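Labels for the chains are A, B, C and D, by order of writing; each one numbers its residues from 1.
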Amino acid sequence: MKRIAVLTSGGDAPGMNAAIRAVVRKAISEGMEVYGINYGYAGMVAGDIHKLDSAAVGDKVGRGGTFLYSARYPEFAQLEGQLAGIEQLKKFGIEGVVVIGGDGSYHGAMRLTEHGFPAVGLPGTIDNDIVGTDYTIGFDTAVTTAVDAIDKIRDTSSSHHRTFIVEVMGRNAGDIALWAGIASGADDICIPEKEFKFENIVNNIKKGYEKGKNHHIIVVAEGVMSGAEFAKKLKEAGDDSDLRVSVLGHIQRGGQPTVRDRVIASRMGARAVELLRDGIGGVAVGIHNEELVESPILGTEEEGALFSLNEDGGIKVNNPHKAGEELYKLNSALNNLNLN
Amino acid sequence: MKRIAVLTSGGDAPGMNAAIRAVVRKAISEGMEVYGINYGYAGMVAGDIHKLDSAAVGDKVGRGGTFLYSARYPEFAQLEGQLAGIEQLKKFGIEGVVVIGGDGSYHGAMRLTEHGFPAVGLPGTIDNDIVGTDYTIGFDTAVTTAVDAIDKIRDTSSSHHRTFIVEVMGRNAGDIALWAGIASGADDICIPEKEFKFENIVNNIKKGYEKGKNHHIIVVAEGVMSGAEFAKKLKEAGDDSDLRVSVLGHIQRGGQPTVRDRVIASRMGARAVELLRDGIGGVAVGIHNEELVESPILGTEEEGALFSLNEDGGIKVNNPHKAGEELYKLNSALNNLNLN
Amino acid sequence: MKRIAVLTSGGDAPGMNAAIRAVVRKAISEGMEVYGINYGYAGMVAGDIHKLDSAAVGDKVGRGGTFLYSARYPEFAQLEGQLAGIEQLKKFGIEGVVVIGGDGSYHGAMRLTEHGFPAVGLPGTIDNDIVGTDYTIGFDTAVTTAVDAIDKIRDTSSSHHRTFIVEVMGRNAGDIALWAGIASGADDICIPEKEFKFENIVNNIKKGYEKGKNHHIIVVAEGVMSGAEFAKKLKEAGDDSDLRVSVLGHIQRGGQPTVRDRVIASRMGARAVELLRDGIGGVAVGIHNEELVESPILGTEEEGALFSLNEDGGIKVNNPHKAGEELYKLNSALNNLNLN
Amino acid sequence: MKRIAVLTSGGDAPGMNAAIRAVVRKAISEGMEVYGINYGYAGMVAGDIHKLDSAAVGDKVGRGGTFLYSARYPEFAQLEGQLAGIEQLKKFGIEGVVVIGGDGSYHGAMRLTEHGFPAVGLPGTIDNDIVGTDYTIGFDTAVTTAVDAIDKIRDTSSSHHRTFIVEVMGRNAGDIALWAGIASGADDICIPEKEFKFENIVNNIKKGYEKGKNHHIIVVAEGVMSGAEFAKKLKEAGDDSDLRVSVLGHIQRGGQPTVRDRVIASRMGARAVELLRDGIGGVAVGIHNEELVESPILGTEEEGALFSLNEDGGIKVNNPHKAGEELYKLNSALNNLNLN
């Protein structure tokens, strides 16, 4: 393979730039040419494609966001969109693609490979909810941002003896909530993967203040419910503390990537190039047990594939990701709590 | 004066601990004893008062929040509350008080002084909206937190070509919005002190994207309206960009104070002690033209007093604070904008 | 076991406080009492021991350093010292000990266990050079501090087209240098585990500037040689660029622990308590493949033990730690370099 | 004036990019064209000059260093160098220049103005040692970096009961040391502007530990002597504590500028353009009493000029800058110290 391309797709995540840089530099060191595709699959179809040299990724390893821009482009789920994209790839002489993003991005990579254009997926999403990897690019940074914010909230919360509900990101996965909660010493953590009772939380709050605590912080993943709704239900369940809500929101997506995100993004980017160099596509790179691994994007659940075929030929998403049971129990032990 | 006390009152602000530390250390170096009053005026009335030695404020200069806790206590506006507080001061042999907080805190300090207990006010509030000082303790930190957040939002905003409305604190004063907007290179800044037209903002957004900008950030002080309401009105005025809202909220109150807040808090704390040492109360310490200054809490507007007497003997609040005209115009020039 | 103690020993590392907090809270949730021993083994022998309740570790999860203080105390390698310590443990009714530190700390834990006082070791050191764990407590924070510093150095280095040698910690292990170098996009990384030639580095520098680079950054682990010596040898080997040296030094030991260090410290602390609860001592807790693991402190190299017995009954230190070959090669590929 | 240029010269300082951005954007809003000159006066003479549009300074307000690069170029002190530079300015049709830097930069600006090319100076240096302004661009950031480092050093220092000498930048001016010392709660601060006795410091250290302090931190400006030399003299004067030295070095020059540096740089940059627009050169912009001010570069000391003519026609540098007496006394009071 002489010429490859790289794109970012879906929600942006800190570390995407570090991954792009590694793809570019590694490819050049392997004697390949690299093109950047702006705006994900939308840009592929539109032909928004330009050559990247080594200098183009200088000073990018620590920048937040993605300098190739990202976009959601559902049209690429359809054959027509895919063929339009491939036409552009041919025009530029591109033989393989590295795709950095989440589920939808992987789907596109699978289709490109099926059409004869090997594509490799890298897990770029803050939610840590992609199968086939212990960590996604951006997760460590998002948790770090959340913990910085909760550390600040704790200051004001302690000064006023307040209870705070902090809503963090995570639609399906409680990982951000769980890690941020443990790391900031939050009193309760509520995640989509775990049932809990509001009465128990009300009780935890009461006991805490009785024991002399000067604040109570509850981290709630957005997948559970919104912070405002959570507050309402907590009041209905009998909470009578001075209660506030803080929604961290989009700041969790931005910022300079942490060391860990920079390092795993660099490692994954380089591996993706090695795979394409060897003519391998249709796989996703992950990190498992601190080692780089690959899994097929389409395959069986046992193989660690993200997608499987249904009996009717439709596509089924495998995402057996579960926020760590160990961490959940750990937090209860550290705070002497009873949530469910 | 042999024995003084210190309290924090109203909303907490980063740097309050640095001010308390300076009061304690400076007083000890002047041969005085210092007592800390927990929970502001509420704690004064309840007698929640304890001695502070030099070690009690070790490692506090850089901590957020206030380790003396704060509380709002409207009862102290009434004579009954004040007398109950004074009774406690007498019990502990306290002869003067340093009060760190905002308007309400200053009011209490004025009353204590009138009752024969000299009290000095220090401006502890993130909003920068106290008369008699160019900067309040906590303002620089709050702006820094806001800029950190906007820097992150800009990353994700640029990656997706999005327009963001960032709601920052500031009920009456646009200072946080103005400084944070200039420092983060925000495209528009909307503050309570200035009229603006939504159509002009819609126009700015359009022109920006036409010129090839990849994001548009609007900083809105909460005193203008909520971020959600602002978004609604912007849409009604014709905006068709990909619009998001981020409410920074309580994180702006917490966190380790910046260098500047630590330094001005230390300077002000020491000055307050010098005033009490010299038997002076009923004044507020401020920083004006980088020099420490005092102004009477009750007096004429010309004297820089926070409160004046009405003809009917009632109290009038002087707060002629105006966010800098120069900064407002500067931002328009830097972004080539037309807001009003 | 009804009563356990915890101490920190050797060089301090960020995250030690998070580990202590987890030990205390977890033990209390298991119905045990916990005592803190100040100044490591020195304090044990001196009887500087005090009870820790849940509140004593409030607001500690994010603090740098160790609030139990640390000290080196070679006397504890001798039987006499150990017996003096045990006498104190008996006096306080302490039945088991959690020891947080490095090699020397583990040695003490092994001896205590042999004398009938089960002790568990946790790897608390920034160098990441303890056998039996993929990561030590403090490593992620130290690397993060180094990267923050190198990011700043890069700014000034680029402004002036300068070459910088940045000396980071790591006497035997190149992990800090390697991770910091990859994450900051350093041009060369020199570690004790790898040979290199100065002529090749001189050549890399020249080629970089010829290709239009505006700076060149070399990260050197202190175990290779000092930054000053490195600069001297580089000049001798023919470098003619504008060369500066920066020694990061002790800042790498301090600071608020990162999310990751807080989380692994919390997990390890809780596990140590579970082991003592079950009467198990003489083992070290580690993290391997993202799972908590234990290994004997004294045993065979195959068991992952830190210490083995020599044929003559002496003790041999197993520390087969090797900075990742993959990371080393990765950096060469990303920078197109030839070091050896 | 239709076309102006901007350059950075001398040591780089955080906030230079914010100043350049303001010059460019403000000039465009005034209908002027702007050119950037790379590498300061060296680039002027070499004709390394290129047009800057609004987009060229997008996303630059928060970046450290200077994207126009900087260089020292003593040749510009000579007439020959100046004429060579002017030839280039003519070639590009440039009628006025904004110069961001220190003493040497101002000298060049003065000469350009004398030759008929109005030039305005902005104080860009971390040392805060330029006459005619209360604060220089970069000072607040440098102090913030120093305080971050000292906060970390304090962690490890407290854990081990150590004495630390922290050497900060400042050849002639003690401002960085003074502000950083106050803000970090350092025990002693030694600056070039003040005499001190080593015996008194030894005494302070002893008294501190006797009173139960767990660390002692001494901030020393490099203009006093090196950290290593300071340590040697302290030992000679009788110190017997566990003493370490940390040299902060070049990290103080880099990093993202603080809010304050971004804001004052933006204000000054815009003002420089207004001056050139009005045909005014040979002056330096400063901030005094929080207001923008101008002073002649060449003039009398009373006018606040940096340079005055000697009787023999030679140039005399006026730099009556004195680190704040108030701050120095404040620190002594807060730490109960006796330095001189």
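The rule we apply is simple: contacts are C-beta pairs under 8 Å (C-beta built on N, C-alpha and C of every residue); 3 or more make two chains touch, one makes a residue touch a chain.
Predicted model only: the values in this text are computed from it and were never measured.
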Mutual neighbours - chains that touch chain B and chain D alike: none
Distance-maximising chain from chain D - centres being C-alpha averages: A
Intercentroid distance (Cα basis), chain C paired with chain B, Å: 41
Length of the line joining the C-alpha centres of chain A and chain C, rounded to whole Å: 29
Approximate Å spacing (C-alpha centroids) for the pair chain C, chain D: 37
Chain A residues counted as touching two or more neighbouring chains: 151, 154, 158
Which pairs of chains touch, using the document's own definition: A-B, A-C, B-D, C-D
For the chain D and chain C complex, residues of the former touching the latter: 8, 12, 14, 63-66, 69-71, 145, 149, 151-161, 164, 214, 244, 246-247, 249-251, 253-255
Contact footprint of chain D on chain B as seen in their complex: 21-22, 25-26, 28-30, 54-55, 58-59, 61-62, 134, 140, 143-144, 147, 151, 154, 158, 179-180, 182-185, 211-213, 256, 258-260, 262-263, 266-267, 270, 288-290, 292, 326-327, 330, 333-336
